[in-house]
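In what follows, structures are represented as structure tokens.
The two complexes that follow have chain A in common; it is paired with chain B in the first and with chain C in the second.
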Partner chain A sequence: MDLTLKIWRQKNAASKGKFVTYKISDISPNSSFLEMMDILNESLVLRGEDPVAFDHDCREGICGACSMYINGHPHGPDKAITTCQLHMRRFKDGETIVIEPWRARPFPVLKDLIVDRTAFDKIIQAGGYVSVNTGGVPDANSIPIPKVKADLSMDAAACIGCGACVAACKNASAMLFVAAKVSQFALLPQGRVEASERVQAMVAEMDKLGFGNCTNTGACEAECPKEISISNIARMNREFLSAKLGAQKPSGSAGGDA
Partner chain B sequence: MAELNSKIPKGQLAEKWTNYKANIALVNPANKRRLEVIVVGTGLAGASAAASLAEMGFKVKNYCYQDSPRRAHSIAAQGGINAAKNYQNDGDSVYRLFYDTIKGGDYRAREANVYRLAEVSNAIIDQCVAQGVPFAREYGGLLDNRSFGGAQVSRTFYARGQTGQQLLLGAYSALSRQVKKGNVELFTRHEMLDVVLVEGRARGIIVRNMVTGEIERHAAHAVVLATGGYGNVFFLSTNAMGSNTTAIWKAYRRGAVFGNPCFTQIHPTCIPVHGDFQSKLTLMSESLRNDGRIWVPKLKEDAEKIRKGTLLPTQIKEEDRDYYLERRYPAFGNLVPRDVASRAAKERCDAGFGVGETGLAVYLDFSDAINRLGKSTIEARYGNLFQMYEKIVDENPYKTPMMIYPAVHYTMGGLWVDYELMTTIPGLFAIGEANFSDHGANRLGASALMQGLADGYFVLPYTIQNYLSDQIRVPKFSNDLPEFKQTEEEAVNRLKRLMNVRGKNTVDNFHKKLGHIMWEYVGMGRNAEGLKKAITEIRALREEFWKDVKIPGEMNEINPELEKASRVADFLELGELMARDALHRDESCGGHFREEFQTTEGEALRNDQEFMYAAAWEFTGDTQEPRLNKEILDYEFVEVKQRNYK
Partner chain C sequence: MALAGLFLISFLGVHLGINLLILKNDGREAFNIAAHFMVTNPVVQSMQWVLFGGFILHILLGAVLQIQNWMARPQRYKVEGFSHTSYFSKFMIHTGLIIFAFLILHLVNFFFKAKFGEMPEVMIGDYMYEDMGLLVIEKFRNAGYVILYIFWLLFLGFHLDHAFHSAMQSLGLNHSKYTPVFFGISRALAIVIAGGFMIIPLVIYFS
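== the complex of A and B ==
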């Protein structure tokens, strides 16, 4: 296959970027999208030019590192896959492919197609956990959990934290990412204990980091490589509302660690 | 000579760990706050260790090369995690898990470590459930299990085909909680370049900030390496693109001995290689062997027609199929351990029965299971794996059998550690895949996740205290000490040297060449002649690399080519040590198959008289050969037998 690539090049966070056009030929339709990028980069290195920097690691659709905005879609035109799972057979010979980084204010570009997603880590740090220390926990089978709830929790937990939902959203909202984590825990008895504090802390952090609001367009769900359902956002909204309404603070603290 | 003191506690096998814990020195809470620990790596072992140490009160610094700790390659583990819960009432026990693991490792692991691993396995499942890991459950609400290779019980806990992801996110959440509390300082996009020794003890590391290119000095009272395995020495493997050996290799060069470097696991069920441009291999979970049956055509003519594309696998009649694992190993069938399954696939393909365009593939067929259980059951069990397969190969595995072939997956070898998981450098620990300790010459499926979390949650946080209790009077280290400055300078000079080669060939070009040598001579089948050839060829390639590698860009910016070059330079040294280790071990055991040493039936032939030891290699300088140290393995409790899965 012969292709024309229009790729966003940006030296670093401080500099201005621009599209640069590259021609590439003899690409096997069986190669993956990132293998096509490898071939391009090999040729750039040999020509003494700077190769295109992009995030990638596992190359099997699970680590969430790869993050290319391809022809107007995060992770490209196919449904339910990451960029690293996209194959060139999906494109036509002679096609022009436009490749950009995730574009969202909370994800600043570091170089070319690499963006900084530490904002997602900060949201998890704000409350995306069950507060248990190592050791001293009950037997794993001591609390039966209905299979349906465990399965729904797993559906939400499948999120890979890639940020495609934010990139897809015109408001750069992180609601799907946050809702997935809130839902995973809200559906399990182990997570219910802190459900109300968790949802409030995570939403507050999300707002603080500059992610936009949700206006129910559903682009996040449509572009999510793991098909995380937008119904998780509805669940998070319910959790958030009931947390706000039912918020009661004890008058004194028994000295417990938060 | 390095002194190898394994520090195995005295007493009965089942009492060793209990006695050890009862008698070690602890550090009191006030002192813990003053002690700093560096943990390199944020996979299952690293994240769980960093979180647990921080919960205990230590000040922890945690590093990863990825942009987030959640992306460490543990995330990609699919099938499951073993534990001796016996929830299925099928006769499992701590002893049986221990025994299966020792036997699976072909009697080349340390009894006391493996028993401890089996002993803490149950606590891992409890811990993960408490963290909110959504394991698969049965309709009654209790946890479900599946079977894995090398076991006759169902002891594998799983979360669909994403068990590693869910366990890692559990550890990552525990880690994130400690980051928020200020007990862990996180350094993402930082790569370790060297370990710093002060008066013979590990006191810090040199890292490169991969965004700014700055070289930084970080000090602590102890250093823990949780940096994973080195399968990428083969270029093509199931490891992540960034997985590398640099941290443990630099530790080796500073005096930590390297255990059993040649013990590599070639996983039997991976998607076959499809072209020269291929960048990595994708695993299809071993759990598929619960329901999938492996076969090749019985007739060579059929295999040839399939390779030419004139015959389809679905057109081959039942009686013309050779279910070779069921034929050769009736007792374990498709669930034999990985080394056995991989070798059997290679044997059939070498004999001319392989399928696919290249002839380097066998079938993994689900048609029986779909007929028996229905498509929806198979979809519920393996849906995401089937989807992954279809995306890569462009064939529907519900309709036509999957094609699979063995690929490099895991390295049992790693830094030699004692019972406390400390290397031969005082204060330097190695956990998870980075150490050599628990899997002997072959790892059983679903045991890597178990070991990573055992080391990180339940072993290291105890054993490191026995070391740190000694250090409570040692004040915080300054990273201005001359040792730090000198190690930093050496690291910088090495990067400069790489940049200044200004040759004509890309890093990947050298890496691929190294991979070809390794796969050809240090892969599934090895022999003395080939291994000698490998050593010569790797040396020549290394020389060429340092004369001809081309790295664009600058040191002080994001520079993926420089990152790769620095890693490949270390792989080019490690590869030689692996070949040397494989050459010296004149026997076949587990994943190490020396063609000269096999039974008449083609099974691995061990030599317990001469090789019942862990080979621990000691660096003696760039121009000298490494020195071999031996830790004799003393099987006190288990009767050592020929492995038999028939």
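== the complex of A and C ==
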């Protein structure tokens, strides 16, 4: 396959950046998208040029590192996959492919196609964990959990934090990511203990970092490599509303104080 | 945003219900009595201020949220947004702005006239009523106004297509059984409300 690639090149976070066009030929339709990028980079190194910097790690759709916005889609045109799982047979011979980094104010470009996704870590640090002591491994049947809830929680926990939802959203909103993290805990008894504080802290952090708002457009759900449903966003909204409206403040003079 | 939007949908329902009375073949009697009730009843008059509040809240919140959303992506993509999405949801600010612009014209045409202007009068039973119906009919004998209103209402329909179900989702009311129904209600509201309002100028113009 012969292809024309238009790739965003940016020296560092401070520089301006621009699109550079590369011609690449003899690419096997069976090679993966990242292998095609490797071949391009090898040719650039041989020519003495700076190779295109891009994030990648597991190359099997688990880590969520390979953040590339390809022809108007995060992770390319296929559904429910990451860029590393995308194959060149998905493209036509002679096609022009535009490759851009994730675009969002909280995800600044570090170099070429690499963005800084520390913002997601900050949201997790704000409350995406269970800090109560849940004790040792309980007997299998001592905490009954409905199958539906266990399944929904597992579905939410499938989020790999790649940021495709932010990249796809016209508002650069992180609602799907935060909703998945809130939901995986809110659905299970161990996570419910801190559910109210968690959702408030994580939403506050998300807003503080400058992500956009959710307008229920659904692009996040359509582009998520793990097919996280926007029903999680509704669950987060529910959790947030009930936490804001319903949570009681403990009175300072309660008898239980030490 | 969602609550103000839902309130405005309920207002559109009442507005449409009263407007459709003008099509009743009774010499505008029912419509004029209903219009008179709306401008004189104290409960309706106090609700009018709540309605203004609803409009202002919906418009201001919409503008603030949109500005935040634009700021969240300072550098746009070269190849933008081919994701499968709810189509009209991408243009709520644009359809909203068009609706707002024509809303001002609409208020000048009818609301301010009825409130502060000179109104033709008509005798119904033993009382004199403002002939609101005549005002409407005279306006819609003009083809330009009819086209303008149809255009405006088309955009109201586009805006409403992403209204009800989106409000439900924002309020956290998502359910595997009922969410598809909410989508249906949204589409139905868009067609019934925009279509219902469109019938009025068309019928008046062609009769």
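Methods note: the second predicted complex is superposed on the first by the 241 of 258 C-alpha atoms of A that agree within 3 Å, B and C clash if a C-alpha of one lies under 4 Å from a C-alpha of the other, contacts with A are read in each partner's own complex, and residues count from 1 in each chain.
The working rule: a contact is a pair of C-beta atoms (placed from the backbone, for glycine too) under 8 Å apart; a residue touches a chain by one contact, two chains touch by 3 or more.
A quick note: this is a predicted structure, and the numbers were derived from the prediction, not measured.
Enquirer: By the touch definition at the top of the document, which applies to A:184: first (chain B), second (chain C), both, or neither?
Expert: Touch status of A:184: first partner only.
Enquirer: Answer with first, second, both or neither: which of chain B and chain C does A:81 touch in the superposed model?
Expert: So A:81 only meets chain B here.
Enquirer: In the overlaid three-chain picture, which partner chain does A:134 touch, first (chain B) or second (chain C), both, or neither?
Expert: first
Enquirer: Should A:235 be classified as contacting the first partner (chain B), the second (chain C), both, or neither?
Expert: After superposing on A, A:235 lies in contact with chain C but is clear of chain B.
Enquirer: In the overlay, work out which of chain B or chain C sits against more residues of chain A.
Expert: So, of the two partners, B touches more residues of chain A.
Enquirer: In the overlaid three-chain picture, which partner chain does A:28 touch, first (chain B) or second (chain C), both, or neither?
Expert: After superposition on chain A, A:28 lies in contact with chain B alone.
Enquirer: Please indicate which partner A:225 is in contact with in the superposed arrangement: first for chain B, second for chain C, both, or neither.
Expert: neither
Enquirer: Have a look at where A:158 lands relative to chain B and chain C in the superposition and call it first, second, both or neither.
Expert: first
Enquirer: For a test of understanding, state which residues of chain A touch chain B in their complex under the given definition.
Expert: Touch list, chain A to chain B: 11-12, 28, 30-32, 34-35, 38-39, 42, 44-46, 48-51, 53, 55-65, 80-81, 85, 87, 89, 110-111, 114, 116-118, 120-121, 124-126, 128-135, 137-141, 144-147, 150-151, 153-154, 157-158, 160-161, 184-185, 188, 190-191.
Enquirer: Any idea which chain A residues touch chain C in the complex?
Expert: By the definition above, chain A touches chain C via 6, 19, 69, 71-73, 77, 98, 100, 103-106, 168, 170-173, 210-219, 222-223, 230-231, 233-241.
Enquirer: Using the touch definition up top, name the residues of chain C that touch chain A in the complex.
Expert: Answer in residue numbers: 65, 68-69, 71-86, 89-90, 92, 162, 165-166, 169-176, 179.
Enquirer: Which of the residues in chain B come into contact with chain A in the complex?
Expert: Within the complex, chain B contacts chain A at residues 48, 51-52, 55, 66-71, 73, 75-76, 85, 87, 122-123, 125-132, 134-143, 159-160, 162, 165-166, 169, 172-174, 176-177, 179-180, 186, 188, 211, 240-242, 274-275, 277-280, 282-283, 387-388, 391-392, 394, 457-458, 461, 504, 506, 508-509, 550, 552-553, 557-558, 560-561.
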